[in-house]
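Structures incoming, each one as structure tokens.
In what follows, subunit A forms one complex with subunit B and a second complex with subunit C.
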Partner chain A sequence: MRNTLLIMAGALACLAPSASAQTEAEPYAITADNILVDGGEVLQDGLIVIAGGKIVQVGLEADLKAGLHKDMPVLDHEGWLSAGLVAANGSMGLGSGVDDSTSAFTESLLVAESFNGDHSSVVAARKAGVTSFGLTTGRSNVAGGQGSFVKTDGAKVVNLRTHLTLCMGPPAIQSRRYPTSYSGAVNALEKRFAAGEGAFGAVTAGKLGVTIAVGARHEIDRAIRFCQKAELTGTLRGANRAGEFADRLAEAKLTVIMDAPVIGSPKWHTDSINSLAKAGVPFAFGLADSNAGAGSLRLGASLAVRAGLDRATAWRAITSTAATLAGGGKRAGRIAEGFDADIALWSGDPLSPMTRLESVYIDGALITEGN
Partner chain B sequence: MHALKLSLSLTAAALLSSAVLSQDEGDSPKTHEATALVVIEEAPTYLIQANEVVVAPGKTIKNGQVLVKNGMILAVGETVTAPDDAIVVQGETVCAGFMDAWSSLGIDPASVAEMGTGATTETASAVDHFTQDHFRVEARNAGVLLARSQVGKDASIGGLGAVLATSPAGAVVLDDACLSFTCGITRSGRRGDVFDRISEADSIGSRIASGIPYRQSLVEYSYELAEWDKAIAEKEEELADDFKKAKKDRDKEIEKAEEKGKEFKEDRYKEDKRPRAPSLDPDKAVFARAAHGEIPVIVEVHGTQELRALLASTADLPRLRLVLLGATHAMPFAEQLAARRIPVIVRPMAAGQPAEPEFKGHDLGLAGRLEGAGVQVLIGSGGSVAGVRDLPVLAQMAVAHGLSEKAAFEALTIGAARAFDIGADFGTVEAGKHAELIVLNGSPLSGRATYVFTGGELVEL
Partner chain C sequence: MNTILSLGATALATPMLCVISFASERPPVAPVIWDTEVETVEASAPKPEPVKLVISADAIYTADGDMIKGGTIAIAGTTIAAVTPGGVSSDEDGLHVAAITPGFIDLSPRINLADFSVEESSEVVPYLRATDAVDLYDPRWTRLLRSGTTSVLISPAAEDVVGGMTSVVKTGGDPTLESREVLANATLAGSFGSHASRGNSPVRGRPTNHFARRPTTRMGTEWSHRKAFYDTLAAMSHEDRKFEGWDIMASVLKGERPYIVQASATQDIRTAIYLKEEFSIPNMTVDAAAEAWREPGLLARSGMSVILPPFSAQGRTAIDNGFLSWNCAKTLGDLGVAFALSSHGSASPSGRLAMQAGYAIRGGLSFEDALASVTITPARLAGVDSRVGSIAVGKDADLVLWSGKPFAATSRVVGVVLNGELVTQ
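What follows is the complex of A and B.
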């Protein structure tokens, strides 16, 4: 890490890795050679001011620095500054509590109640620059439960109820419990949405999002038809082949969470990503349906760019769009005034594999050195 | 000495038979035998103009030019003399094509998973560029123009690896690139305890060493045979000089024997003592090549105990050219690796959540730490097919975590080429070498390939 603290005697105390203390601490500023504000927009020689765990000012160093209070600590970073990465979904911190196997319908289950913020998978995520993610159930139930938007430090739940997870394909369809077929699952869900009770009613009333776990082409096709018939706008997750349905997804106003490409991912995966981008379907990368670690988010965005995706869309897929699809878009994923000070400091352009993560801040507090 | 093969598919040209090339030690390109190369139609000449010609790691020419024809580099410099009809190709950078030192590109998947391979198994026998051709095309389009591929990647002895080209025609560049072993890996459900794994590592040295007495017996046989041939020739000469006298003497002796009623006994000739050839042992013949450094020995090994055993069992084989694959826990042995000039082929991947303890520690920083300790680093995609395309990304990740850019570039080019004895023909941008080249819109590691020259063809991307 090549950060150099300027002068201030209290600066180190201010940057101590204690989130609770930090959010109450006095304001401080970070300058960086480049600040990735959102997508492709880059502020050269930029500066942000952080207070109370929030970003309160963003601009050029030349414009803002003179106006800072003379005692404000300023951290100079020789490199890039960006929003912390956001995984559109993930099951980190859930251990074996991803799904409750007692019933195919556990729609009232709150997955945040199983969240362990100290789990090694959560620690690994923040060491990879992931500062928040959409905590979600698995895909073993037809109605799996309600997801949350959480931070990777301190088990903070930003938004307790973000979406209801549904699955109308394997492994939710099992021979030993109802429903035992795809058509049975669709029928059961249609009845529940028609009844409009509980979580299903919250979805139809627009108070709760809906995410449908899919995999194979027929599952994507079935999910699109189901959403159109039930007049639902939601997100298909695990939809790596969604690009083949890009026009239909755009028409149905559905969004997509897919696995980030990894080393050796098939070309159809990146082709699918490019098709979604071309059709204007919002999409983001998630971790819940992939065996890859949290490091796959940034690598995946980089590989997508290498395969032809524009930088802005790729970056948003692991920050602002991911936060929006995960139910935390008003607080995370952007370097903008009013957003949480979830920040990553990089040795260079974060979309380059040659760049190393140097520091991670969550709610303004230094949480970890990167890996 | 390897037999180097490369089929040149020439644009607008036809070959009645392909060139057969071979190499000597050292990096000076030599064409030993170029037979019956008949070009019916003149192949185009290409003039590559680049802001930076990366001749070799650490050696560049600003605003340079490279002249290419028939798949060969004719000239390199700030300005080169080109014919008027030369096709001009422009780019930011031109450099040697990349080589994946650890792949299974172009190999039938069943052969890659084969567990019954032995020392004489040839990877080249399993080349299948057609079933999964898109992988070859993706690799080529990423600038990865050569790949060392290996069958039996999880077998105790994988056999002879091959270097393949990702040119449109596809080609086996070298069919005896290395002798491959694997030890200590939990492979295909075969998990031994630590003593089994140490024993396995230890046996690699003794197996290779068994080739030395075998080679010695062959040499001794060949010497004795030569002596015998010489003695016979001298005897024949002697008999020819005095044939009549010898015949008269023999006739007299026959007469005497008959007079005495005895049986005539011929003098026994030297051919009765003809030296006996040693029993043929193809495995030991391959081990002998390895022991004498004629081909490198690649060993995939990760754990500390196995590494220690392997290094100890091979310490008394001074001509052995050992190369480690993976080598997750190589750092405690880095000093020895550097002193013995043993390169390590790494796959720069995040540790993640490894399934087996022996893979813990195989992180992105290993390449940089090894370089820092003076160990030569090579980079591979980990024995995969699909991952070959992402070789430059792996190199970039290694650079992000401590490997110098120069070492990373060397690992992908001349370092890999030299390790597998094709450095005389590939790996740098020099006149006389094969024009396996990448033209990029940026630096060699992070730029995007816009053209590749491979197998005598220009491919626009």
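What follows is the complex of A and C.
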């Protein structure tokens, strides 16, 4: 907050979390030295207007400020403003309820029903600037359930059913129950998609997305073959080596969620990221298959840029592309009119590791003062 | 003569492989090459691909007829375009080796994802495909290829009675099934012996792991086999008796798909033979059949084919401790039993397929039969002999290049050609 000046005294109340309802209801504006709109586009001396929890105007301060209502509170932020970060997937707020172990096929379970929005992992995520994420099951079931797109303030569910979560390898296949093999898992899923009932039918009808958890190269290979045979367009998750399959993924129109690189990540990881970008395969960084915390997203995007990825693609991998892959791309991940006012205020360029997160707003309400 | 010259003119431009000089100096004898007939076909027919690699050798062992003493093999695209007898001088420019054999075919490489390759929730799963559990990035593929094995049968681990369909794939090339698969779902895999029942226990109450299932004994394994085939016969005549994979089982009964079962100990081999005779299974092979030498007469009577595991110094093999005699291959060969040698997944250098042929020769087998048992015979047993297994025009250019007489202890593999590409040197 050090660099944020309050012009209107009346707006003081807006900064107190207890008064967040007011900011949601009353229109207000934020100016910033730089507004990161989407990808690489930066508005210098920009201004956004927020009303009803949505972004209603985006532009240059010089163009818009004169037209604002004289009583509208305006926050002047000396620094950068961007969309809140989006994790393409994550299991924050699920505690130990990530997978239901009664069966390998729990496709009708809704993961949002296990979601605790006040869980410490959710709080940690928003303190790292993550304002929404794709809530997903783990990978311990062949068909684990249906994921959701959620916000990190309380248990706000934006989209209850975004994707069916699948896994065709260990730990979903295990010796304790059916299926015990890759062949058995593939066969089981083929039969279910052919029958087209319930969640499987929703996927083939295009009403529900699908993610397939992978790891080793042969699992990526198998998932691509499966999707092509079953005519599915979905997302491979945990696919850190996906870049080695970039051309096949592009041909199959599949997308990728991978771990953000961390300091010390092997070169093949960043090579993989660059290969996906070169082939035009949409990819984003997730947290569900990674041991790293929510803070890994922003650092990972920085490390990807350092390894040669263009800034715009890196930024989208933790905002707009992540939101799209997680099933919330029409509401989150961009500073644009009509999008939810999920906003992060930074001391500088968010892709610089030296930059501090100063404030986080979700649906226009100040949620946290960052880390 | 013209054909040889055209062959030289279109050969790869690399100096090492340039054949123009020796091709023009060496009078060809009965060139087996695309000839004038090809040029007279209609213009719409696809033109043959240009020759891209020519290899000469002091001896070419085709595995499909006589040895060609001194000759060249021309490769166009991925296939063999010509096999030309003729004098070969080793001081010519060009790729020249002492001997060439077809690439080896291993029907029991056991290159799979171990426990995750076999569906143990049920003991009879004919409908599953081994290709769904394949890891084309396994470093063992490179080891197989470098040692001369160019095609293998991938199968699940032998923990099921009927374990699913196997496929023939190449050991190299792009790591995609599309590029490597020679024949999808070529055979059905089954198992006798201890593996299918190992660790199983009766189901008491709710099963808590995959071992709570049938069978628990060798006789239980036999019972499961017979039940599966009786169920198949019923399914073939009654619509309401059909079950998942009945058509795969039926294809075995009709002889459309070979049935390869693991049976190492004498009693397991006998059991397999009795199953073959009871259900008149036309095309059946016992795999890992170490003790086949104990029942050669029964094997010959039933028309059963055999895949032998690797020879070991002590004779004992890893599968059910079966004892493999050094003269087993010769014994089978003398009785006319079709047999193939295999590595059975052995990781040791002495377990390589090429070594097995040498051991079999040491056990009395003729060189020709030893060569066939690692090339054309396994190709026939898996139903892929129209594409691989011998050196002939039109077949896949999968070749092993030798420094001396193949399989001799003093010879080594100096190169391997796969799909027309020199992949190792």
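Going forward, the second predicted complex is superposed on the first by the 356 of 371 C-alpha atoms of A that agree within 3 Å, B and C clash if a C-alpha of one lies under 4 Å from a C-alpha of the other, contacts with A are read in each partner's own complex, and residues count from 1 in each chain.
One rule holds for everything that comes next: a contact is a pair of C-beta atoms (placed from the backbone, for glycine too) under 8 Å apart; a residue touches a chain by one contact, two chains touch by 3 or more.
Source: prediction; values computed, not measured.
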item: Room on subunit A for both subunit B and subunit C (clash or fit); value: fit
item: Touched partner set for A:G264, first subunit B, second subunit C, both or neither; value: first
item: First (subunit B), second (subunit C), both or neither touched by A:V186; value: second
item: Partner chain in contact with A:R222 - subunit B first, subunit C second, else both or neither; value: second
item: Touched partner set for A:S108, first subunit B, second subunit C, both or neither; value: neither
item: Spatial angle subunit C-subunit A-subunit B, Cα centroids [nearest 10 degrees]; value: 80
item: Which superposed partner A:R306 touches (first subunit B, second subunit C, both, neither); value: first
item: Partner chain in contact with A:R356 - subunit B first, subunit C second, else both or neither; value: first
item: Touching partner for A:T233 - first (subunit B), second (subunit C), both, neither; value: neither
item: Gap in Å between nearest CA atoms once subunit C and subunit B share a frame through chain A; value: 19
item: Doubly contacted subunit A residues - partners subunit C and subunit B; value: none
item: Residue numbers on subunit A that touch subunit B, as the complex places them; value: 121, 124, 128, 263-267, 292-293, 295, 299, 302-303, 306, 347, 352-356, 371
item: Subunit A-facing residues of subunit C, complex; value: 113, 115-122, 125, 127-130, 132-138, 156, 164, 175-177, 208-211
item: Contact footprint of subunit A on subunit B as seen in their complex; value: 134, 138, 349-350, 352-353, 363-364, 381, 384-387, 389-390, 393-394, 396-397, 399-401, 445-446, 448
item: Of subunit A, residues touching subunit C in the complex; value: 169-170, 173, 175-184, 186-187, 216-218, 221-222, 225, 248
